[in-house]
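Below is one structure, written out as structure tokens; comments come after it.
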Amino acid sequence: MTSPFLTARRLDKTFVLHAQGGQALPVMRGLELDLSPGECLVLAGRSGIGKSTLLKMVNGNYRISGGSLTLHFDDGELELAGLPAHAWHLLRRDVIGYVSQFLRVVPRVSAREVVMEPLLVRGCDEQEARRRAEAMLARLNLPERLWELAPGTFSGGEQQRVNIARGFIAEHPLLLLDEPTASLDAANREVVVTLIEEAKARGSAMLGIFHDEEVRERVADRLLELEGHMLVGGAGRRDDNDGKFSA
Amino acid sequence: MIANSSIADAAQGEASGYNFAYLDEQTKRMIRRALLKAVAIPGYQVPFGGREMPMPYGWGTGGMQLTASVLGADDTLKVIDQGADDTTNAVSIRAFFERVAGVETTTATGEASVIQTRHRIPEKTLRADQILIFQVPIPEPLRFIEPSEEETRVMHALEEYGVMHVKLYEDIAHHGHIATTYAYPVKVDGRYVMDPSPIPKFDNPKLHMSEALMLFGAGREKRLYAIPPHTRVESLDFEDHPFEIQAWEQPCAICGATDSYLDEVITDDQGGRMFVCSDTDYCNTRREDMA
Amino acid sequence: MKRPQLERPALLKARGIQRLYGPGKGCEEIDFTLHQGEVLGIVGESGSGKSTLLRVLSGLEKPDQGQVIYHPAEQGCAGVAGSDAELDLYAISEARRRALLRMEWGLVHQNPRDGLRLGVSAGANVGERLMAMGQRHYGELRAAGQDWMSRVELDPERIDDAPQTFSGGMQQRLQIARTLVTQPRLVFMDEPTGGLDVSVQARLLDMLRTLTRELGLSVILVTHDLAVARLLAHRLMVMRRGRVVEAGLTDQILDDPQHPYTQLLVSSVLTP
């Protein structure tokens, strides 16, 4: 087995809710993980345990409260805890890709451009980016008439396919998959499974959340049991911070 | 020119009760000092303590104060308005200085040592022993786009002249060519952008490397500026829309000149018209020479 | 895989900036570094000092204390060779500072009327900075004007129309074209989408994102709108009573705010 690309050691996450008198809300304790290139590690645990908390820590959305989260490159390590803000956006451009359940884009931008953007920020030629974006959208069976439209008005499944295309197109070495198949039909689930397999083949490391058992069975190389690391206080929160900091 | 304008000068038959050339000696010295500065910094607007003159602003009070300051008893003064020696304004100013300075006056460009002008530069090339004094209504060429005096001063200081081309750009955009025909902005000695006063752009080339000293006075705004002899004066333009002067299809209807600035004169109620030299002295001289 | 190069050259540094009109009015103890290609959002409520800070950073208002350090382009207008060179914005002459503002920097005002010349045509507005830099070819100025009007999605046919005949959103796009035409390295934006209808805002945001990416612009953006900050800014500084209470990656500030005030600010946003 190859050496791990991403490791977590004694990883902690605590939210401090100042609106509630500075109450500390520990949600993760002592999490350990090793993720190798070409491997898909699936987070396991009952619904509502707060699985996406880990993905958000790896993606930089959540600050790391304790322990270490480390990327291992051929020529050295990169510690994500305390990484300066200006480094994160380059890291996301080149290394860490995130496919969330929810699409967050500028309202007016077309589906095609949403998918092209991760390539364009790397300075990819526009023609090339367009060609690859269209190929990806076609694979995900998004009707061509929708490519020119902004995804804001799309159905949940259509939005998710745009999001998946955007997530996979740049072939990041580390992919965070937050229920990418949640609202897809069988045919498109199949496409996603193929995309994951292709990503594995090129050596991408993946950390994923899959509620669909069949998909989980097919893509998971290993399961990471979160029970025992995730604490009750953090349960039941939505994917974004809605309500978390409200009084 | 600036002679010993002593009290003795004032004894030559002109109106009594006034100092020579109307202004008191202190004022004239103050204006001369400002003029020296203006000559030293070509195109730069020098503030001066403008005085009330016995006529309203807009009638040439700035030019008159400069004339009063440089005039000596042995000078010969010519005053033109739109090129003509015989308009009310020109006649009045000439009469004024005859009365308060007792100087000789003339309408012949070649005989004058000091020429005060509004709206024209004489056609006859000026000499090193002549001074041309312009009456200026608005001395600030940047004023059209920048109302703040504080800001325009900084713009001059830092040579931020991009906006001057904005104006010319607008001309071309709206008229297909640079439609500014008078008060056409110039750059003096490669440094200061200057309003040459409302002379037709036809006269702009006469500012360039002139033998004569050119002084500009704005009475209301109390600013004066100068172009010393042999100074480069370039009219602003674009590479693909170079500066051009006006041209006429016919010569002067009176003297036949083809090299002078022509005024259109309506001759009857049926729309009859003719074009004649705006410089009356030039026109008359040519006719006399032909006769 | 090799470790990616995550460091970018610094473009602008704020060192201990203070500009106070009274206790808590203005800004103080401001320290940060803006790197090339970064979009930094400064967020906070009105009166938090963010606009004062923007004025200080953009060369419009001298701070009481501290320095604004700029790393000019190689052989930049400042005449300093090499990008390692540092310019202390308020130590250089006014002439150099204004030249810098005109050549290498740009400022987009909240109200386009503050950033446009309303008396002259759209084309003249776009061309002015080029003319200030010495462009003296009318045909080229016009071509640049039309090109930039297209880039900000204005009809190039309207190049000779006065800005007054444009809607608010169009005026704002014209102001952006006027600012970006000289391809500045650093652009300051003060609530660029404030005062615009929501539908117009979205369009402008998209355009700003695209232009920022295409031109590799570095941007300092002042906004009170966290949604605008989320879409445009790579990282944020949260200001309150003249001080920065929290700074970091935009997603982290909005998803996992640490400071009580930031938590309050984030939780106060209405989500439709």
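Observations
When the chains are written out, they are named A, B and C in that same order, and each has its own residue count from 1.
FYI, a contact is a pair of C-beta atoms (placed from the backbone, for glycine too) under 8 Å apart; a residue touches a chain by one contact, two chains touch by 3 or more.
None of the values given here were measured: they were computed from a predicted structure.
Within the contact network of the assembly, the step distance from chain A to chain B comes to 2. Distances from each chain's CA mean to the overall CA mean are smallest for chain C.
Comparing the chain pairs A-C and B-C, the larger number of C-beta pairs in contact belongs to A-C. For this pair, chain A with chain B, the centres built from the Cα atoms lie 76 Å apart.
Chain A and chain C have Cα centroids lying 31 Å from one another.
Chain centres here are Cα averages; for chain B and chain C they lie 46 Å apart. Chain contact summary for the complex, chain C toward chain B: residues 94-95, 98-99, 102, 117, 119-121, 123-124, 127-129, 131-133, 136-139, 141-142, 159-160. Contacts from chain C toward chain A in the complex involve residues 1-8, 33, 35, 38, 202-203, 205-206, 209, 213, 230-231, 234-235, 247-249, 251-252, 254-260, 263-264, 266-267, 271. By the touch criterion given at the top, residues 145, 154, 157-158, 160-163, 165-167, 169-170, 172-174, 237-241 of chain B touch chain C in their complex.
Those residues of chain A that touch chain C in the complex are listed here as 5, 15-19, 22, 56, 59-63, 73-76, 78, 83, 85-91, 94-95, 104, 106-109, 120-121, 173, 240-247.
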